[in-house]
Amino acid sequence: MDEPALRRLLEDVRSGTLSADEAVRELRRLPFADLGYARVDHHRALRQGLPEAVYGPGKTAEHCAGIVAELLAEPGGPVLLTRVNDEQADAALSRNPGGVRTGSTVVWRRSPERSERVMILTAGTADLPVAEECRVTLGAFGYQPHLVADCGVAGIHRLVGELDELGEADAVVVVAGMEGALASIVGGLTAAPVVAVPTSAGYGAAFEGVTALLAMLASCAAGLAVVGIDNGFGAACAVARMLGPGPG
Amino acid sequence: MDEPALRRLLEDVRSGTLSADEAVRELRRLPFADLGYARVDHHRALRQGLPEAVYGPGKTAEHCAGIVAELLAEPGGPVLLTRVNDEQADAALSRNPGGVRTGSTVVWRRSPERSERVMILTAGTADLPVAEECRVTLGAFGYQPHLVADCGVAGIHRLVGELDELGEADAVVVVAGMEGALASIVGGLTAAPVVAVPTSAGYGAAFEGVTALLAMLASCAAGLAVVGIDNGFGAACAVARMLGPGPG
Amino acid sequence: MDEPALRRLLEDVRSGTLSADEAVRELRRLPFADLGYARVDHHRALRQGLPEAVYGPGKTAEHCAGIVAELLAEPGGPVLLTRVNDEQADAALSRNPGGVRTGSTVVWRRSPERSERVMILTAGTADLPVAEECRVTLGAFGYQPHLVADCGVAGIHRLVGELDELGEADAVVVVAGMEGALASIVGGLTAAPVVAVPTSAGYGAAFEGVTALLAMLASCAAGLAVVGIDNGFGAACAVARMLGPGPG
Amino acid sequence: MDEPALRRLLEDVRSGTLSADEAVRELRRLPFADLGYARVDHHRALRQGLPEAVYGPGKTAEHCAGIVAELLAEPGGPVLLTRVNDEQADAALSRNPGGVRTGSTVVWRRSPERSERVMILTAGTADLPVAEECRVTLGAFGYQPHLVADCGVAGIHRLVGELDELGEADAVVVVAGMEGALASIVGGLTAAPVVAVPTSAGYGAAFEGVTALLAMLASCAAGLAVVGIDNGFGAACAVARMLGPGPG
Amino acid sequence: MDEPALRRLLEDVRSGTLSADEAVRELRRLPFADLGYARVDHHRALRQGLPEAVYGPGKTAEHCAGIVAELLAEPGGPVLLTRVNDEQADAALSRNPGGVRTGSTVVWRRSPERSERVMILTAGTADLPVAEECRVTLGAFGYQPHLVADCGVAGIHRLVGELDELGEADAVVVVAGMEGALASIVGGLTAAPVVAVPTSAGYGAAFEGVTALLAMLASCAAGLAVVGIDNGFGAACAVARMLGPGPG
Amino acid sequence: MDEPALRRLLEDVRSGTLSADEAVRELRRLPFADLGYARVDHHRALRQGLPEAVYGPGKTAEHCAGIVAELLAEPGGPVLLTRVNDEQADAALSRNPGGVRTGSTVVWRRSPERSERVMILTAGTADLPVAEECRVTLGAFGYQPHLVADCGVAGIHRLVGELDELGEADAVVVVAGMEGALASIVGGLTAAPVVAVPTSAGYGAAFEGVTALLAMLASCAAGLAVVGIDNGFGAACAVARMLGPGPG
Amino acid sequence: MDEPALRRLLEDVRSGTLSADEAVRELRRLPFADLGYARVDHHRALRQGLPEAVYGPGKTAEHCAGIVAELLAEPGGPVLLTRVNDEQADAALSRNPGGVRTGSTVVWRRSPERSERVMILTAGTADLPVAEECRVTLGAFGYQPHLVADCGVAGIHRLVGELDELGEADAVVVVAGMEGALASIVGGLTAAPVVAVPTSAGYGAAFEGVTALLAMLASCAAGLAVVGIDNGFGAACAVARMLGPGPG
Amino acid sequence: MDEPALRRLLEDVRSGTLSADEAVRELRRLPFADLGYARVDHHRALRQGLPEAVYGPGKTAEHCAGIVAELLAEPGGPVLLTRVNDEQADAALSRNPGGVRTGSTVVWRRSPERSERVMILTAGTADLPVAEECRVTLGAFGYQPHLVADCGVAGIHRLVGELDELGEADAVVVVAGMEGALASIVGGLTAAPVVAVPTSAGYGAAFEGVTALLAMLASCAAGLAVVGIDNGFGAACAVARMLGPGPG
């Protein structure tokens, strides 16, 4: 309920179109739909500039399908179903045609294309699933990120060919497990915003991503924006916040 | 040494202006000055779009003064000395006139003013020193952030009056200790990029900022960009990356 | 063995009805039944005002059934079997008819209805199993809690419609994973006792509930009562302690 | 801004007493006073039923005095200044006469006496400062808690003399460091609500209160309400929530 | 190679019965048998007073059987195979007849009975497997421990009937998960040596036994001897060390 | 209140010497003295076979002196004041003459000499203060332990000369920081009970004793009895429990 | 691109053989092959003196086979595929004949034999898989390490027979779980470089190798070189770095 | 007591020069000097190839001086006193002339110069004290390491000028705090042995060196040899082990 709406409502009260009781009731009418098992937030996209996203784990296939249906019932931007298993994806896609599944993410109502340049770099091949989640989410927003895999610091020269593109990127996402040093290197090489995503890939003392997470937070390259472990979706959302609502 | 410079150098070799030996030597001439105790990086500002910053702790007052002098010896953008004690600040200011100290930060060569709107919110009064470091660093870049203190979630209505400004901000920095919940709330209320800074303020189970750090990383508000504990400088740098080099 | 009973026993000794040896033996007769594999505590309900509860994991189906039978053999209040698998539930229900299973909890001898108003709020849909355990346990005590799911802080307006009920509740249970911020918000909005239950739902840096647990303990909202991770049963018991034995 | 106030405001708009613009402004007028360095929340007491409390650490003596003054400027309940040092206490008391300091806590406007019975038990002598903070805070609310020190489980018989009082208490606070086992014992002996406060007292493997905190959260006595380490103030607030606003 | 043996060897050298070279070789002849995959230590029983024990996990069934065979090939005390699965137990028993399996432990060559009184107490039913490992290991040494299950502190009166026996025990083993408070209580009630075994049983904040482990180490009851999580075998060995080699 | 006393009391009731009311009062008369700030437990020595010990930190000098005086007021065994500072020691010694201070421990009423052989080994010189606390506490019990310092595993041959004594010891205490490996070595060399005390000495990755603590708990030498970090007093109490009350 | 190559390239530019544009392109030609899913680093062996190794987990069988094929397409040293499952090994071996699988490691193009003496010691039988990975990797380099299993510190005499060989070894790898004390012992007995590999073998308080890792890092034996948990491959690489490229 | 000495001793017994009793006594004569407070190990240098080093913290100035004197009393290699304060250094130097103090390290009897090339790199200026300890210790062994400070990954080009030297080094020590990424970069650029030393320098999420330690252990550059936090001495010893006893 934004300010113009509030002002209009008050004018209606003043003009007698609306009684005080009705106004109170109206003020209580919140912009979400209560499905019993979920409260679908129809205004999140407007408020946060982010897609409507449904996190799959812990939900039944029916719940997934139902929440997606509710979100698509109102006009709006892209709708995502993330970290799905096959059963959830099948149920959601069959009830809500038009979705596209890539890996563990399903997207409906992709946004129009945008022209900003976003790079996604991974340190190793094992970081690809997280990078894919990020790429697909950015795709739902209309971006067409360039994903460069396997350019970790053990062979730092593999990054050199990307220097020009790094310098011109509007945003860079670095996806790395193990010790996560790639984020520090990239942060030192570009002035663009850098979102660092630690992954749970690794062994020895990687501790399921905790080492990479700490290393990224303690990076000597200033101004890295860190998100949670394996959170490719969150990284995409951080980029979307940075690049704003676009010309449209 | 960017691509045009390399191309020019190669043309000089081709034209005979430069011998191969000289070119090798030239390619080795790296853009830093070696003071023995520090290697001052004269091109970081260009490469990263960030100010030259000297972190005080663990350096002698003389070293602080010397590194700042070296950085100011070349033309460029703002120079910062952070987390200084009085002795370091005095030595650096006396050798390098023109600096302005605010709290534990000293700034030389402030950038021209920029018009983007940056908000800094703190959860409590105890978070102010970290917020100040962020504000002063942003000020060195030319920003004039609006700092709103003490609007933590225990009295969430204190945030309501800021909703319009939050909605129109180009970037928001949330500085919070304890359980850091303010970052989640703000992230749910605005589409702007949100940089979350956990602080070491708190007691009970705050664990010197670890609780706030974890809570911000696990936030249910998508797309928060988290930096390290008490890292107001880093948060400002993250904002600077996001808002880019500016029209100039 | 409470004071009046002790006094009576001593009078019996004084009057010669009981010899000293018999009295010693009597004093040794403890109010539990030793089944070999378990010592069933028949007086816990009186002593603690809590239901007799049997925790399923690690017990054989036969043991579960046997302990429940022993508890039902004496008159008393509700008896619960918690975190059961199908085999345990089947064995216990077939040996002890009259139980009602809801999710992973089975209840026998539900207490008479009570009129206090208890709210259970969850931050997300994934927190529902823990909220259900809490709701069923409260139901065994006679309460009819109002469960409101999925009103986490990413869309804080979903909570606004509950403000009146929050203000009038006799007790509120907040069930939340991820960063657990909902507990802080609710604690800031109501004067009622608030029991905060961290859940293991979440990803990124949720660390199986540890982040939510720490955040609730470090909450800037004063006076939150925190229980262990996923401990919906414990939260219900905390509410039962707070609301007391009731008028009956 | 509660519902009746909102209804009145809307009636004023309807009747023309208030223009829509004025109403919007009014709705924006939030019940806090912005001192610049703090946003004093004048309605917290109503909303949460808790005292207005100012946490000393990290605030200047002037800020402490100023915030207390602002809180006392409006009629209301008790005002507390907690964890003060001498300078803060002196400044606050000299600007705001009528306060009473006990240990590190200062209280103004003590509430009228209440009759509920609250017990505070400590495991050892070293837990006393935390217990004192709890006792003084409860005193500000009008309670007169009975504090029993040094009855830890190494000599569990010291607790036996308190059994009757434990059985009749309206609330019990257990303050314990080391392994915190006293909370489990007390929880097993009484049906009253039990608030468990881990303290940082101890050595060997007490880890500054973490061991006691974990032990209380994992207690086999169901329904313990745990607060943060050394948080005597929080424990008192939890009790205040449980016992409610009182007959007055 | 103990001192008398060394003295004898030196006398043989002196008398010419043994050449220096032979003596060096003899001194090198170490009291173990190298099976390639294991170095079986034939003198551990003499040196440590403990049974020969083979830890099953990570060994093939053939290796288990082979090591047991080697140990039984020399005369000596009891031989144990611990934490076996069915395949390991079957292989070992079929190659080495005469063993007795109880739970996950197999024992060969049980020691003659001993008369010392050892009590094993468990806090809950879920602690029984660990207590059983302890009981069987003590049985291999000749002890006949009295195992009392399920007398945790939530119903501390269940322990009262055991007070006499506790007072007269030569050693007490307390097996407890959750918050492990039973060890503190028992330590406060008896002068006997108390070995505390934390178990991984529990939920909420039990953290796989870490909470119980820390609580036992930080116990306010002085002189508890703590072993590792779920280490019933280790607890039995600690008791065996305490009670010594026996009269025989 | 042991069984014979209870029996006597009941006979008195039976014979009419004692009324039921008096008996109840008598049963309530607990064997401790309530000093207000402490509940002095006069029967702990009998119950636990341990000395009366007062832990200094967190107590005023007056409290230390008062508690010691109360303990000495009744006949009994040794009384200890541990971890004292100079002010506490002076106050306690001046009010209670006859005490002997060694390091941070003061002992009154040393027990008669005992003949059991106790060895204390330290890995390094930095472990000596903890070993001293253990030695002095054992001395209060009447033992005359043999303390061998600085025989850590980096030069394992320094231990060889102690092998005979190790083999004949009635109990061995190993005090070690860093990685605590000495406890494993000693445990592998002797059949005697071994109490392992981790110390906070060390650097690199010693983490204030946590590394040594974990290593001792995970030792491959079976049956080590571990106590908390730097807990020399606890180790002595563990030895006292093991060696029992002695012939007297 | 080493210095001579750069010099040659510049000469070519100078002589006109190469245009500036061509030179820039040439300088960009990086020594890796981009397979899309991986960037195969053809010069790592030269640069690091280590084998080309492909880490199996998280890669498809096809990717494994493809990367190995790419590595074998260029002449060079040994190629390893590590931590493979059967499917990965089969695919890689069938596409790239000539590989030899041992346990979870496959080796192609073994280096010629080298004469340095490398010992691998394990504390227990359960450490063997890690030791095997180390042995096979060293074998790929041409070494023929001597593996001595099961000589942990609980029976330290089992190590004595290895003393001569330890003294003459060019490098020693110690593989140990539990408390990892064997590394300290060996470090105290030899002047050779010692690489310590903690393993996840163990129970009680071994915490999946963390205890052994910390103990090895905090070892009182100076100069131990520690690698990550279970990282037998890394230990072999550390040895390879130490012993250098060999005479060839 | 090495093998030739044992053989000689046995010959003396055989020839009657030595009685069996004398031989036993001789075998017991261990190569250390017992000062009461320390057991000085005169053969460590021979056995481990490392200098005799005395760790200052926790020792009195007199003990430091005495242990150094004992070590110098026998002929041998370098003697070090590390992490000294002024009082310890003064006492040790005044009793043992000829020592040279650098920072917190004092060296006596420096070894003759060696020709191997050792590089020490630090990520930042704050890492210098640790690098200095390493440099001075290597100096005591006769090495003349080249220390290059402040070439962390935020400006990775500062490392480029060192590439040739890195390629030719016999060993490289990398000293880095924060996220420790420099070790990974260097490990990827050189085939030389790399010893990685995490330091406690840093802020944000550096956690006193734990982040750098974990990152180095989880490095994607294979074969890094990691030592404990701030352990410059240990790193030097690791290098000494690698480079061996030298030609002399």
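The first chain written gets the first letter, and so on, giving A, B, C, D, E, F, G and H; residue counts start at 1 in each chain.
Here is the rule we go by: a contact is a pair of C-beta atoms (placed from the backbone, for glycine too) under 8 Å apart; a residue touches a chain by one contact, two chains touch by 3 or more.
What you are looking at is a predicted structure, and each value in this text was computed from that prediction instead of being measured.
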Partner chains shared by chain A and chain E (touch criterion as defined above): C, D, G, H
Centre-of-Cα separation between chain D and chain A, whole angstrom: 40
Rounded Å distance, chain A centre to chain H centre (Cα mean): 50
Set of chain C residues in contact with two or more other chains: 3, 44, 47-48, 124, 154-155, 187-189, 203-206, 213, 217-218, 221-222, 227-228, 234
Pairwise chain contacts, counting only pairs that touch as defined: A-B, A-C, A-D, A-G, A-H, B-C, B-D, B-G, B-H, C-D, C-E, C-F, D-E, D-F, E-F, E-G, E-H, F-G, F-H, G-H
Residues of chain D that touch chain A when the two form their complex: 3, 6-7, 10-11, 13-14, 16, 19-21, 23-24, 27
Chain D to chain F touching residues, read off their complex: 124-126, 128, 149-151, 154-155, 157-158, 160-161, 201, 203-206
Residue numbers on chain C that touch chain E, as the complex places them: 28, 30-32, 36-39, 41, 43-44, 47-48, 55, 57-59, 63, 83, 213, 227-231, 234
Residue numbers on chain B that touch chain C, as the complex places them: 123-124, 152-156, 178-181, 184-185, 187-189, 202-207, 210-212, 214-222
Interface residues, chain D side, partner chain C - complex: 3, 44, 46-50, 53, 164, 187-195, 213, 217-218, 221-228, 233-234, 236-242, 244-245
